[in-house]
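A short worksheet on the structure shown next.
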Amino acid sequence: MATLMENEVFKAFASYAAIVTLKMMLMGPVTVYFRFTRGSFSNEEDVAKETNEEKKKKMLRAHPDVERAQRCHHNDLENIIPFFFIGLLYALSGPKLSIALIHFRVFTASRIFHSFAYILAFPQPSRALSYLLGMLTTFSMAFNLLITVFVL
Amino acid sequence: MATLMENEVFKAFASYAAIVTLKMMLMGPVTVYFRFTRGSFSNEEDVAKETNEEKKKKMLRAHPDVERAQRCHHNDLENIIPFFFIGLLYALSGPKLSIALIHFRVFTASRIFHSFAYILAFPQPSRALSYLLGMLTTFSMAFNLLITVFVL
Amino acid sequence: MATLMENEVFKAFASYAAIVTLKMMLMGPVTVYFRFTRGSFSNEEDVAKETNEEKKKKMLRAHPDVERAQRCHHNDLENIIPFFFIGLLYALSGPKLSIALIHFRVFTASRIFHSFAYILAFPQPSRALSYLLGMLTTFSMAFNLLITVFVL
């Protein structure tokens, strides 16, 4: 066990994976922030304090800013989870530290940029390219993993 | 390999992670249960047996109970997945068993309570607080992980 | 570390987990493909090139094929993620290679079939059964894991 956390590649993976997971988690509070500032909720019990029935109904309507934050969060789930799965196995398959670091850094940078591009609605294709870059990084790790350990 | 599963912290992580993952998986059948009892489906092929075109259309409409179960499931994905990622790396970083157990237990309890609060529509802020508690537990593990292994 | 990737069960897990993760990731490009061929996007900035306001509005409407791909992707997240979590811990708990292989192969086959069944709208209950089979495989691994390592 101690040996895992003495391995430089695994320590680097743990660090970048933690950063990118925390970034993904932050999308939760960002959505909550938009819910309160835009007054847009999903559940009856979340607007129970509001006594005016008219206002209550309005507060249960979707708001584009909340939906944008949710799409950004969802895109993180779709991309950061595969990075973690593939990256963990890749880190355990004994890659060179320098090459592993390039993968971890490019992925982390691409997803941080992606979130800004999504929330702040940067002109395309900035968001599409950061999405693609992150995905290609994960594909590259998967390729390196599979040529090392492939057993069916 | 044997050494991992001889480590008390890792065994505890494996146990709590399995419980919380099974809890998350159960949201699938819960949603299916609401689909059948409320008669609300998403796909044409799921209602193919219904020959009455009018009834078929009705069965393809969203139902609030199904949507509530889906939101609960989705919230699990957004919170239990980061717990697994951070918790796995944290468990490998050599924490004290007693402190690790507090994290695993508080998180597991908070998410089980959260599901009941969501599905049964408990008055707020019960659901919000259990969401927050689970998130803070994961942040605490991430903090402890990063001060142990941080390498960029 | 080297010991993990010398273990036959862990290598098999890494291989099947990588395949099934790549399959899940491919749902992203599949959704993008439907977005472009059906002309259905979610964000204003994605349709910025379109100057005709009427056409722009149409391009921001949901399309059933895009939504179907998204539901398929979402179902993958709900099922492949628990497989990875439970499967990783199960692979570390020292199962027999032959029994582990049955689990990994049945799960992988069931999810590949599930995607075809979803995207091509096979008649039910083909999709439901492949969903159930994958879930039962994960439950079986969870059961075997918990009887080996259970510590609360």
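Chains: A, B and C, in written order; residue numbering restarts at 1 for each.
Basically, contacts are C-beta pairs under 8 Å (C-beta built on N, C-alpha and C of every residue); 3 or more make two chains touch, one makes a residue touch a chain.
These numbers come from a predicted model, not from an experiment.
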| item | value |
| --- | --- |
| Category of the chain touch graph - line, ring, star, complete, other | complete |
| Shared interface numbering between chain B and chain A [over half = same, under half = different] | different |
| Gap in Å, rounded to a whole number, between the CA centres of chain B and chain A | 17 |
| For chain B, residues that touch 2 or more chains besides their own | 4, 77, 81 |
| Interfacial residue positions of chain C with respect to chain B in the complex | 3-4, 7, 10, 68, 71, 77-79, 81-82, 85-86, 89, 92-94, 121-124, 127, 131, 135, 138-139, 142, 145-146, 148-152 |
| Chain B partner contacts - residues on chain A that touch it in the complex | 1-2, 4-5, 8, 11-12, 14-18, 21-22, 24-25, 27-28, 42-46, 48, 73, 77, 81, 84 |
